[in-house]
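The data blocks that follow each hold one structure.
One chain, subunit A, links the two complexes that follow: it is found with subunit B in the first and with subunit C in the second.
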Partner chain A sequence: MDSEVVFKQEFEINGGDFVNAGESASKLKNILKEIGIDTDIIRRLAIAAYEAEVNVVTYARHGIMRILIYPEKILLTVEDEGQGIKDIDLAMQPGYSTATDEIREMGFGAGLGLPNMKKNADIFNISSTVDKGTKLEITMNLNDKNVRD
Partner chain B sequence: MSETKLLHSVRVNKDKCIGCGKCMRACPTKAMRVRPQKASINYERCIDCGECLRVCPNDAIEPITTSSADINKFKYKVAIPSPVIHSQFGPQIMPNGILSALKEIGFDYVYDEALICEMQNMVIEEYLDKNKSPRPIISSTCPVVARLIQRLFPSLCNLILPIEPPFEIAAKILKKEISEKQNIPKEEIGIIEITPCAAKMVSISHPETLEKSHLDGAISIKDVYNKVMIILKKEEQSLMLQGQSPISGIGIGRAIAGGEIRGLKYHQSVSVSGVYDTIKILEGVESGKLHDIEYLECLICPDGCIGGPLTVENRFIAKSNILKLTRIYGNKKRVDSNRVKRLYKEDFFSFESGVKPKPFKPLDKDRILAIKKMNLKREIFEKLPKRDCGICGAPDCITFAEDVVQGKAKLEDCIFMKK
Partner chain C sequence: MKLKEIIKCLNLNCKVLCEDPNLDIDIEFAIASDLMSDILATAKPGELLLTGLVHNSVIRTCEITGINAVIFVRNKKPPDETIKLAKNCKIPVLLTDLTMFETCGILFSKGLKGIHIERAD
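On to the complex of A and B.
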């Protein structure tokens, strides 16, 4: 049973736009800081969001990053229209990458993005349809303590 | 001096302030408001970067430095000039001339910080060689960078190099050596930095990584400039004859951005200067995308400490003067590496404690209330003209919306919202 969403925001991500890759993750991070989310949760979520954003820019045409905050958790979803992933288990292997040489030259393509997201998330879900797109769901649990001292 | 004044390095002189709002627009942490009519600083958000001081056309933002009365309380007065001093008096004047002129204006002893800068460079290299901690390691030299990280990038605190900056190391060594050699009690020795840095006083009164600073005060290069210049003019001939002091180009080079990484031959390192570029690169580090960089030198002032707000010389000329000196003095090491090893063992370099995160306060202590305020802030922002005109006394519309939510301003303070 889900409780109500207390905060919601969407960010658009454009495939191929390496110039602005990372902007959405950065805006997201600033929102979480203002709300007073725990530093370590912000750090982990920001890393996951950044990796997810770069993957959309690299492998998809267009995507939406959505942040939903509930009293007890943060849900980050990243949904894209693009080539999709044929073998998710393989894509999740550290070091697996289909990045082209050009992309590697830009410093991406180590094959560590997805494993990194999984490592930093409390709950990580991924589903994908070839030639349609990919959907990621990253959940961070918030502690019961709502008030910071 | 009241507690808040001691805690921070600048204050507004309300008599001189005309309320133009230039400082408010320049402030990277949105700590300034011009409300009502005069500038005021929210010290909770101030990181002592000195941007306001730099842009004020009326000298209404005043740096706080040590008074001569406070310096004169010490029996034995020691000046440690920042290497920036060597860039301030033109390309003809050599370091030794400046050091003796400083002595003449009322110090018992003058010690060139450039020597310790070179030493600290060796320590950085040693640390990078031996430590496999997460990268990039971020330089600890600029006190404002440390504050910026504490406030805006708290998760990066553990990346800061746990080695004290040159001025602290210099003061610690001098206090010990002078008191031992000359048999003067430590309390009677006053170690004063001659500084380009607006943040120095805060890092002395509230050091983040030491129980107590080893320095006893700081005065600005501006403060000593005229006095030194007069002596230099008068005694040019005799001062010229004093020859080279035992410093190297490595130490002097620390006055400009890039000076710290120049010696790091075997480590992938990057140098950044200026407050906005520093914020940008730290955002990159926080995203986790810059771990290929091993060492990151960040200096808040443009082009490094020669761009510090308490300097006199134009920073481009100052930079050229420093580059000239680094060529003359060369890269030959002047510091004895055995001495460095000994000091390392005696713990002259390390932080006493790490830099602790001090994030800005959220919109509310209660997370649910903070989110409500966040939503309200956006609702208000949507109504505003988004011109960032500043007439309301806040630097931009989004900050004004926050002030309204926090009860610090009324919606009608925006001239576009008046009926």
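On to the complex of A and C.
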């Protein structure tokens, strides 16, 4: 069973808002810094959050990023309402992409987002329903020194 | 190498775009790409980024990965919103009319290193 949540926060992500893509990941990074989380964990989680946020902006209508901090772990979930992913195994392959020109102009859409999220996460889970949306769960394990009471 | 020494290496071909930049920051490594996905997958904190992309996603990528400074190559001028975001994030941004290859070549020959990517296999 999960232990008590020490901190939680939600961020809204709007589909198509390419100008502000990354703002939630940036806020998240600053929050984790203030809490005093290990810098390597912050960096890996911020990268995964940024990739996830760019995906919501690109492929979904709307999304919610939630951060839950427990004494022993951080759980980041990103849930969106959108087109979903038809074949997750294919989407996880580096280089596979269905990106639009708009996102390619931002330097994304190379088919590296999901594999990079998985690489940076301690535990990575993804589920998706076509025409409904996608849910990502990224867990980072903490040791005792990471979260102060 | 300090950022001001990097500017010196690039001679008159380099212009500082931000106000009151900290030119004393130390840069040991550099990464060069127009693909932010690549940078997110490989960058190390404290690096210098060389890129021809001027979207504000470049600055977000630097902020998220801990990249210390950016040089826009090929004389590609970033829009005001990119410079504004760089200012808010305290990331110095420079502009050069040299190509990516020339900029990399000059800085590499002056001792700036690239990062080594570990192979998965």
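Keep this in mind: the second predicted complex is superposed on the first by the 144 of 149 C-alpha atoms of A that agree within 3 Å, B and C clash if a C-alpha of one lies under 4 Å from a C-alpha of the other, contacts with A are read in each partner's own complex, and residues count from 1 in each chain.
Here, a contact is a pair of C-beta atoms (placed from the backbone, for glycine too) under 8 Å apart; a residue touches a chain by one contact, two chains touch by 3 or more.
Here the structure is a predicted model, which means the values were calculated and not measured.
Asker: Following superposition onto subunit A, is the placement of subunit B relative to subunit C best described as a clash or a fit?
Answerer: Aligned through their shared chain, the two binders clash on subunit A.
Asker: Which holds for A:Phe7: it touches subunit B only (first), subunit C only (second), both, or neither?
Answerer: first
Asker: Under the stated touch criterion, which partner chain does A:Gly107 make contact with: subunit B (first), subunit C (second), both, or neither?
Answerer: Both: A:Gly107 reaches subunit B and subunit C.
Asker: Looking at A:Pro71 after the superposition, I want to know if it touches subunit B, subunit C, both of them or none. Which is it: first, second, both, neither?
Answerer: First partner only, subunit B.
Asker: Touching A:Ala25, do we find subunit B (first), subunit C (second), both, or neither?
Answerer: It touches subunit B and subunit C both.
Asker: Under the stated touch criterion, which partner chain does A:Lys33 make contact with: subunit B (first), subunit C (second), both, or neither?
Answerer: In the superposition, A:Lys33 contacts subunit B only.
Asker: Would you check which partner chain A:Arg43 touches, where first means subunit B only, second means subunit C only, and both and neither mean what they say?
Answerer: A:Arg43 contacts both subunit B and subunit C.
Asker: Which holds for A:Leu142: it touches subunit B only (first), subunit C only (second), both, or neither?
Answerer: After superposing on A, A:Leu142 lies in contact with subunit B but is clear of subunit C.
Asker: If the shared chain A is used to align the two complexes, which stretch of subunit B, 253-261, 307-315 or 397-405, clashes with subunit C?
Answerer: So the stretch of subunit B that bumps into subunit C is 253-261.
Asker: In the superposed view, which residues of subunit A touch subunit B and also subunit C?
Answerer: 22, 25-26, 29, 39, 43, 46-47, 50-51, 107, 116
Asker: Looking at the complex, which residues from subunit A come into contact with subunit C?
Answerer: Those residues of subunit A that touch subunit C are 18-19, 21-23, 25-26, 29, 39, 43, 46-47, 50-51, 54, 105-113, 116, 119.
Asker: Can you list the subunit B residues touching subunit A in their complex?
Answerer: Spelled out, the residues of subunit B in touch with subunit A are 154-155, 283-284, 286-289, 292, 357, 359-368, 370-372, 374-375.
Asker: Could you pull out which subunit A residues touch subunit B in their complex?
Answerer: Touching subunit B: residues 6-7, 22, 25-26, 29, 31, 33-37, 39-40, 42-43, 46-47, 50-51, 69, 71, 107, 116, 142, 146-149 of subunit A.
Asker: Which subunit C residues qualify as touching subunit A in the complex?
Answerer: It is residues 34-41, 45, 51, 53, 55-58, 60-61, 63-66, 81 of subunit C that touch subunit A.
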